[in-house]
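I'd like to ask you about the structure that follows.
As written, the chains take the letters A, B, C and D, and residue 1 is the first residue of each chain.
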């Protein structure tokens, strides 16, 4: 009998596989493909206080082994989320993690405390979204602001676990990981998308109206694995690995590098059953290697 | 008759296509595949004062649409380069650009001035190599040190063009581009490889003995194009675009984003004739679009 | 019965310079598609190209699905190489197709180029006579004419180069039809698919003539099933997902 | 005559659970390879997998090149799908093969598993009798035995599971040969290819017995023609490129 449970702060997951924010909607779209009860956790699309309509199309473009997106954080806003989406998610035996985004400290704080009161299991601070001019991104690349934000949000949370999602666009991921930890974050998740762009040479126009979008998919995996390892060497709080995870081998690679859990993003688009297949794949790997506890492989790679 | 010539500082190239340092050796290996006279310029493997033996194998690993390398700057050193390699390169009607790497300001200065005296056409400062513990990399991610380095090297150069190769591992490429420009660099080239890693889940060992290597290839192109555009918006000196250029469409994309010239790296491995095919492809594109001067497409993309 | 299934390539034929006919045999039990719905088709087993490609179905037979596709870029170039017996993954049926024409209305099917695909799937399900206006670049690209006739459709054909039928766009043909051939007793409803600018022209004619209708739109898609919000199009009700609320929208709702 | 050329797949056969035989017909004029040289073979027309894969040639015929390959990972899995008529890009012949055995010496060909490929190409060029020691996992994977006999080779075969020939590694077999079957009048020289640990064992036996020899090594390759410095192996003369100074090195020069 293999133990797949993992702890992220005071949050106990039945297995280390979560969905990455913005790639899983609010769960509904996947209910017809997989049994949501089998997921370690569902991380929902980033929520802001007021609804956001997002960017004009085109919003996505395919790149070599990756994709660019500039959704522009389209979301239905806090009120409607609590009313229309949260009840659906509550029906399943899985943890609900809400990714939040604000333009000011106050907005982040307000979002965090209302969601905490509503009893969501964890809050993931999106301080790293590359698709909005103001807001998000600056928190993710300015240490002082990040420290202030994390500490402030932590104060107004009673029971929910606080996860800070780090930006890969920062020069030294270690420093930001340390700031998140010392400011009271219970865990960190990384990486968000990397800022990229593409131009249509026939029209000379950008492939995304927003010009710059976020790069995701297998293309960024080697960068993400490296950042997870660097963060693992720098902090003691749990790390959630994200970036180009399509198959269980990829998830295991992140865990060996130091991730206690993983999030699957773009992989859901290629295969809506990816998350479940990854859970099964991790279990099969542990069996094959006769490892009884998934925690044993976290950071277990033989560095040199 | 289409004009493909471009100027990089006082350096006049017959066309905008160069080879990227470390992917073209010292030219010899490609002489049997292409006519080196057709290249805009040849950028040779990074040279240090003393020979370097490089890292133990394995030194490369394939990743989705990319590759990791940790060659460790193996090179024959300044003396042997001048004696054994430069004479060969001089035989061709193309510009010779020498990529240099040092561990101290003094080393960079010594390299630059001897190469300048030997009459090489341009010197490319590699301040961004991710594969050596000390040296290179710090210059590339510390603005003050970069300013001091560029200014110092510039002082001891008489005729050679000075190109600073920027690190994509810096959080804000704009700032470093501006530092290079204001410190006297005649041009900047970007991007170098992005730090990445991969783990063999069967052995739990890193795919590269060095653990971390540099990611190159099509996978990083969207990131590189974005950085070139950001640099183009920030500085007035010519920009040399690098990163995942395999076909002429890719080179044109970089030029539309603001690159006056391009360098082909990993693309040479997939197709040793890539550079020449790109020169022909750019010319065909300009014909098709009835553009008479390649300079007209530089930064000509219709942003929004 | 899952929307995610494997299918075997039965045949992959070149119809003309532009159009190809792909016939797939699902290897699992699948859902019955509605005219105008689409499928996400895997074009490569590797990560390059990474994403599946969306295609409306042309025809469904007891155990087969047929698609009409044009080679546009890398993905469709790989589709052209699909060989008999090859097995691919696909997702569908997806999205909302065309509504069933009400008894009291006369359907006007309007197709541009490869846009004939979902229009044909609709024509096959129509219980009675309807008009079809089909435009293409040249004669060669006007396909399925006999089949449509066999379905009892009355066709009005046009080509950009005049090599067959009327010279001009299908929007012109629509205008001409409504001006001279339409009978006032008929309550016409448009069902359209084709390039965006053609649909925009059709929408203009429709509003001018006060006729309602439906159009199938295209947008880049990452997932195809509503999760990524990547396929948004602007409507008078705000951004809608082509893959979920669409691909078929009331033509008067679309903000061009 | 360029080393970069296109070739058409003539056939792609499965020999046993491990080995496959790929026959390619160059579509351009190509250079004549030397035994032990290799080719970089494109496994995908897309960017995933990105790099070509290195393979020693097994046989060359007037207008054909044959390769013996084992499926190891993603690239070779794609090779297994190569269909007759498919056209791929390749580069070669590359690197330095085995030196021609001098008249006064008796070649001892030592092959482990798929390492038989370059050894066979050498055997085909040998003007006279030689000994060949071939080891594999099991009987099924001992291939080309008749062909080697036909070339006048005297074979000593061994399998890890003892299902054929002597049970044990080819290094053991080599040791046994030198102890009991070798004639003092002969000046033996080893020509080896196989897994690294096998070659290391062979090198140990060779030095113990004071016999010189040559081994073909493997390393990950990005370019295959000397440009990337990615394929370095440690020798007593410092790092050498497997693709340029190698793949064949004097066995006593290699630092294991």
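The rule is simple: a residue touches a chain if its C-beta (ideal position, glycine included) is under 8 Å from a C-beta of that chain, and two chains touch if they have at least 3 such contacts.
Quantities reported herein were computed from a predicted structural model and do not represent experimental measurements.
Under the contact definition, chain A and chain D share the contacting chains B, C. With each centre defined as the average position of its C-alpha atoms, the distance from chain C to chain D rounds to 55 Å.
Once the centre of each chain is set as its mean CA position, chain A and chain B turn out to be 34 Å apart. Taking each chain's centre as the average of its CA atoms, chain A and chain C sit 36 Å apart. Looking at chain D, residues 47-49 sit in touch with two or more other chains. In chain A, the residues that touch at least two other chains are 64-66, 217-218. If each chain is drawn as a node and touching chains are joined, the picture has every node linked to every other. Note for the complex: chain A touches chain D at residues 64-65, 218.
Per the touch definition, chain D reaches chain B in the complex via residues 2-4, 47-52, 89, 91, 219-234, 238-239, 244. On chain D, the positions that touch chain A within their shared complex are 47-48. For chain A in complex with chain B, the residues that touch the partner chain are 63-66, 68, 141, 169-172, 194-199, 201, 203-206, 209-212, 215, 217-223, 225-226, 229, 244, 249, 252-253, 256-257, 285, 300-304. Residues 22-25, 28-30, 32-33, 45, 53-54, 56-62, 64-67, 69, 71, 74, 217-218, 246, 266, 268-273 of chain B are the ones touching chain D in the complex.
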